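Heads up, the thing below is written out as structure tokens.
For reference, chains read A, B, C and D in written order, and residue numbers begin at 1 within each chain.
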Amino acid sequence: MQNYISKEKIKVSQSSTGDDIYIDKITVKGSDDFAPSVYLQASMHASELQGNAVLVELLEYFNQHQPNGDIYIIPQCNPIGMDMFIGAGHQGRFDSATGDNWNRYYFNPKINYESFVKEHINSSTLVYKKAFEELLQQEIAKELSNKWELSRAKRLNMLVQQEAQKADFVLDLHTDTDAITYLYTPEYAKEDAEKFGYKHTLVVGNAFGGALDEAICVPWWSLQLEFKKQGRDENVLKECFTLELGSEECVSKDDAIMQTQGVLNYLKHKKVINSVFATDRLHSEVIHHDLADYKHVKAVEGGLYEWFVKAGDSFEAGDLIGQYIQTSSMTRKDLTLPYKGTIISISMKGAVCQGSALMNLATTNN
Amino acid sequence: MQNYISKEKIKVSQSSTGDDIYIDKITVKGSDDFAPSVYLQASMHASELQGNAVLVELLEYFNQHQPNGDIYIIPQCNPIGMDMFIGAGHQGRFDSATGDNWNRYYFNPKINYESFVKEHINSSTLVYKKAFEELLQQEIAKELSNKWELSRAKRLNMLVQQEAQKADFVLDLHTDTDAITYLYTPEYAKEDAEKFGYKHTLVVGNAFGGALDEAICVPWWSLQLEFKKQGRDENVLKECFTLELGSEECVSKDDAIMQTQGVLNYLKHKKVINSVFATDRLHSEVIHHDLADYKHVKAVEGGLYEWFVKAGDSFEAGDLIGQYIQTSSMTRKDLTLPYKGTIISISMKGAVCQGSALMNLATTNN
Amino acid sequence: MQNYISKEKIKVSQSSTGDDIYIDKITVKGSDDFAPSVYLQASMHASELQGNAVLVELLEYFNQHQPNGDIYIIPQCNPIGMDMFIGAGHQGRFDSATGDNWNRYYFNPKINYESFVKEHINSSTLVYKKAFEELLQQEIAKELSNKWELSRAKRLNMLVQQEAQKADFVLDLHTDTDAITYLYTPEYAKEDAEKFGYKHTLVVGNAFGGALDEAICVPWWSLQLEFKKQGRDENVLKECFTLELGSEECVSKDDAIMQTQGVLNYLKHKKVINSVFATDRLHSEVIHHDLADYKHVKAVEGGLYEWFVKAGDSFEAGDLIGQYIQTSSMTRKDLTLPYKGTIISISMKGAVCQGSALMNLATTNN
Amino acid sequence: MQNYISKEKIKVSQSSTGDDIYIDKITVKGSDDFAPSVYLQASMHASELQGNAVLVELLEYFNQHQPNGDIYIIPQCNPIGMDMFIGAGHQGRFDSATGDNWNRYYFNPKINYESFVKEHINSSTLVYKKAFEELLQQEIAKELSNKWELSRAKRLNMLVQQEAQKADFVLDLHTDTDAITYLYTPEYAKEDAEKFGYKHTLVVGNAFGGALDEAICVPWWSLQLEFKKQGRDENVLKECFTLELGSEECVSKDDAIMQTQGVLNYLKHKKVINSVFATDRLHSEVIHHDLADYKHVKAVEGGLYEWFVKAGDSFEAGDLIGQYIQTSSMTRKDLTLPYKGTIISISMKGAVCQGSALMNLATTNN
């Protein structure tokens, strides 16, 4: 590795033996101190692995092409959920001890936006940006100091959030169940999101539900809205995207090549890099789906399910998209849905109970 | 059983075989059609069993003493989580497939309280009560009809909520981990809560977090507040309490006798019954704790923990309350907390990771 | 359904509510009382579903073509493990409470073969067959009567074994992880096993490890060997095959058509049926693998694994068959094995620890 | 710590990140090179913690009193199962990924005892002991070299067995579920076992089932029997005991004091130590139970169980020892057993299915 690439360890937890638990943080020092920086992490949902395949590609690229801006990478950011295998399954989405979703305990501080903007209404963008960054770091440090009330999910989430908050752009690498490559974008960053060249996006509003993309975007978005309210037009100064890189528990070098092209294309657009790379695998037409049209379809009947469709397919309401066997009557039944749309991910096959997740569907009305 | 006691089955789910899954509902018909009715359920958190010990006591009592009002009982209301054993543990709090907390998917309908109260500002209490009950049943029926988007936890929760909504008073029987007997009471019902004679209560505000007590109380409490806003003083017409009947995965006839005395005492106060029973096991002085003072203490260090205190004990900040071994250094360390208060429940012993739950503590300041 | 097809329920367990737990047994009455009978069961490993797809096909066929001999079918024979979902995984192979493999508690009675054969050395085959069948049923009934020492896996296994022992031929329908269709055959039944037309078989000896095929075959095989020892040549009178019908948690009608052809072809060979059916999907050349050459390959290093091969593929020692990422060094490594052979099943992909199962391999030496 | 106490790390596994996984091995160097040595390990069943409380006591003692012989200690010997929490339970007995019991994959080599003894029939005890030790180390090294077929349980077991085989006496520290302190002793070491002063022992024969005590004792016992067969009387030269130190997921300093007295008393008897210590907590009368009389009692009916007895209690056949509620009928039933004996451990309380483990019982006939 080039000498502008270094690695450090960050303590994030402690086992019942008293041994500390660490994550690796890799820093690729950029050549230009004034270029924007990027933070990437993978596998907070510990069974979502493909982000690491992309990060290996990126590191190889950065080893040959020093970026302008700093790149911060935490490849495997969940050492607790990492090898949590229970029988046939890798328990990666939840803390198996508590049921805590590893991606829902990021921190959204209570900030008095009105008074902050009042104070900075005439500050330069650089000045208020720096002040707001400091405020966010203070708030998270304060929350972390409340140590007797931190679950391990919350501590882990906030410790990586501290790292993420140091960068201008943040990419949180996830996957879905059995899925296409797509991404979540805040409404204000839709155009930038298209630079990734992934065919589908889900567009989210300024609401906080505990995920990293929200924890990064919501404060800066709220700040921009407050500036607007007080009569000054500003851009939202930070962006965070959750990239959904295909299917969980899968690693594909071929997919990683396409997905990495998208990340590089975004970084180039943001002037974090200016070296060359291929873009032949990217989609030029990107379809944005509103989150309100995104349905989490559950099974209305139990059965042994077989699918006739796969992630990425579109269908009409009433189309025959699968069938299922009910052994209680030894019959086979057709599966149709009252919706039309594009399948973003298939959640389950085989044995399915009433109420089990079937698919995530970007519905369309026309 | 007396002929005023009957049983029916309610379909709540379906297995992957296509077989329907049912729960039992027992009805004890009261002698007075105008007396208020009560709904009791147990074991929605499937490893919380003691409620059934209380329900067996109650049924024996009602078999000898017909109540005035109707009593509706669902003894084991979670047939899905019921026998979900994973190694040493009974996975009762969460849907093991999804991580859904079985007690967080009750339904709080979006209601236009302002317009409802405007319409009923001059209605009699009986009339608006009936109208509001019907509205609530319509709203939950509408939500249940959205069948392709119902997880099994949500369907199960709403199906028992439909039953609970038919009664005037609702008791949701739970337990804590390794705990004393206590209960959650809405602020407005603190005095009634004392009738149970359990030594400690946790007092909650008018907020909805998905539990049954909230789903029952919040709409009626919001209605009362809106009446007040529009100038009419009304009581909150319904009450729901979550009773925490000691420790999970335990059954104790002796504790059930005390706990049943409390339930009967509440029912008598509410005129649901007027027969005699003993009250010698009840506390006359009940301590109310504000939820804001209720701390969920987590481990700051990992270790093998031994406790010197138990649920119900009080301690001062800095008291030696336990010790733990760290095998990484083969040392034993003292455990003290920076809080003072009364232990409501001990969450874990033995192997504890950093961030694992240690205890729930009703803190005190003076 | 035709009136020669009937269904009954068999109690196999009891839940913690006291409710009994049943399985369905379907009987297709044959037209010829002297024709041999067959018993089929599916899904004892509860995430192994494809057997039910085959049983649905068979029932449709028998509904149109009455068999000669009786057919006994238990479609879903594990109501305990059936819907045991833990996060991403269906816990079907093991009793999640105890770790008991649901397919290892069948019963092999201690029989004095020497004295039985001495007694029947001059009996007709029909006579000693009947006597031995009675002995086996007595032995299992005795074992079941020892009720305070029966785990639920053992009780469940023995209750279906009682049913299986009533038939002449027994088919236990399983699947592997991510696998081809193949079967286990006792050495003595290799020729009959070829009638299924599945490309690969695993040939097992006269040893008991707790599975149903062994529990059925071992006593009759041991009996035949003892007859031989005492100077009389007899056939082994019973056969049981474990059919491995592809991948777990999958249902495929297309595969079921092929697999059902194989079952029908075997039944015809055994004169259980004589009606017509297609055989176009069957293999005429079947490859037998000795169990001694069947390797359960484990990972020598941890990593995020991607395969370049799939079940059914063959490779040479040293061939590049996959690669894995180690995030500790952010490197990608090649996977080669020191074996040559045919992949029967791939066990895992994605996150793999040292020692995790990689594949089951029918090795070859030449 | 004194300078005769040192610590090293042993690699036992590797995670999916490629990071190696280690255990600590502590060596207390004895003052006499010719004194016998002892190996102790704890927590192979990862939820069995009390052994570490004893090891902390022992280390404190050895820090003050240097032993004669070497002491080897692996305090927490299962870093994989260590913090495997699944909801309410600590999954310590089984590899959660595979169902492998962490205490059943020790290695019993195939040895030609007849030829070894023939060769050494005239060797001194010291000489044949050394030769046999070398043979055992060669055999386990050979098995470990077969690296593509080692599950992580098997690798872990054999790596600690390599360490255990270096000592003369081996203590494997376990616990039971909710249990008294007792131990497993090989028949030939019954008298030595009494030195521990634990009230009850279970006496086992010369059979191998995969546990460490068997893996240590069986080869040396078999050797002694073969010597006898060839006409020479020898002692069994090694001893291994499984100590069951009370209840799982518990740590008790008070119990550790008693249990440590027992270990020291055994070590003194074996001349590993000769310093002073208290023995006031030890039992002078020890009751040996034959393994054939040790019953693993399972539930005959499902229910919510409450016990009237505890570990250590004795009862007669037909005594009322508990009761259970069946919610299917809302009735309470009495629990009696057709056995008499002493309860070694209670396995479950609360929700119990038919076939669930109830208790382990040392039965008596008179």
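Methods note: a residue touches a chain if its C-beta (ideal position, glycine included) is under 8 Å from a C-beta of that chain, and two chains touch if they have at least 3 such contacts.
From a predicted model like this one, the values you see are computed outputs, not experimental measurements.
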{"item": "Homomeric contact chain A-chain B: same or different residue positions, threshold half", "value": "same"}
{"item": "Which of B-C and A-C has more C-beta pairs touching across its chains", "value": "A-C"}
{"item": "Centroid-based (C-alpha) most distant chain relative to chain C", "value": "B"}
{"item": "Centre-of-Cα separation between chain B and chain A, whole angstrom", "value": "36"}
{"item": "Interchain centroid distance [CA atoms averaged], chain B/chain C, Å", "value": "47"}
{"item": "Separation of mean Cα positions, chain C and chain A [Å, integer]", "value": "43"}
{"item": "Shared-contact residues (touching 2 or more other chains) in chain C", "value": "15-17, 76, 80, 82-83, 85-87, 91, 93-94, 96-97, 99, 302, 304, 327-328, 351, 353, 356"}
{"item": "In the complex, chain C residues that touch chain B", "value": "15-17, 76, 79-80, 82-87, 91, 96-97, 99"}
{"item": "In the complex with chain D, residue positions of chain C that touch it", "value": "13-19, 80, 86, 93-94, 97-99, 101, 147-155, 295-298, 300-304, 326-329, 337-339, 351-357"}
{"item": "In the complex with chain C, residue positions of chain A that touch it", "value": "24, 26, 43, 46-47, 49, 52-53, 55-56, 59, 75-76, 82-83, 85-94, 96, 248-253, 302, 304-306, 323-325, 327-328, 330-332, 349-351, 353, 356"}
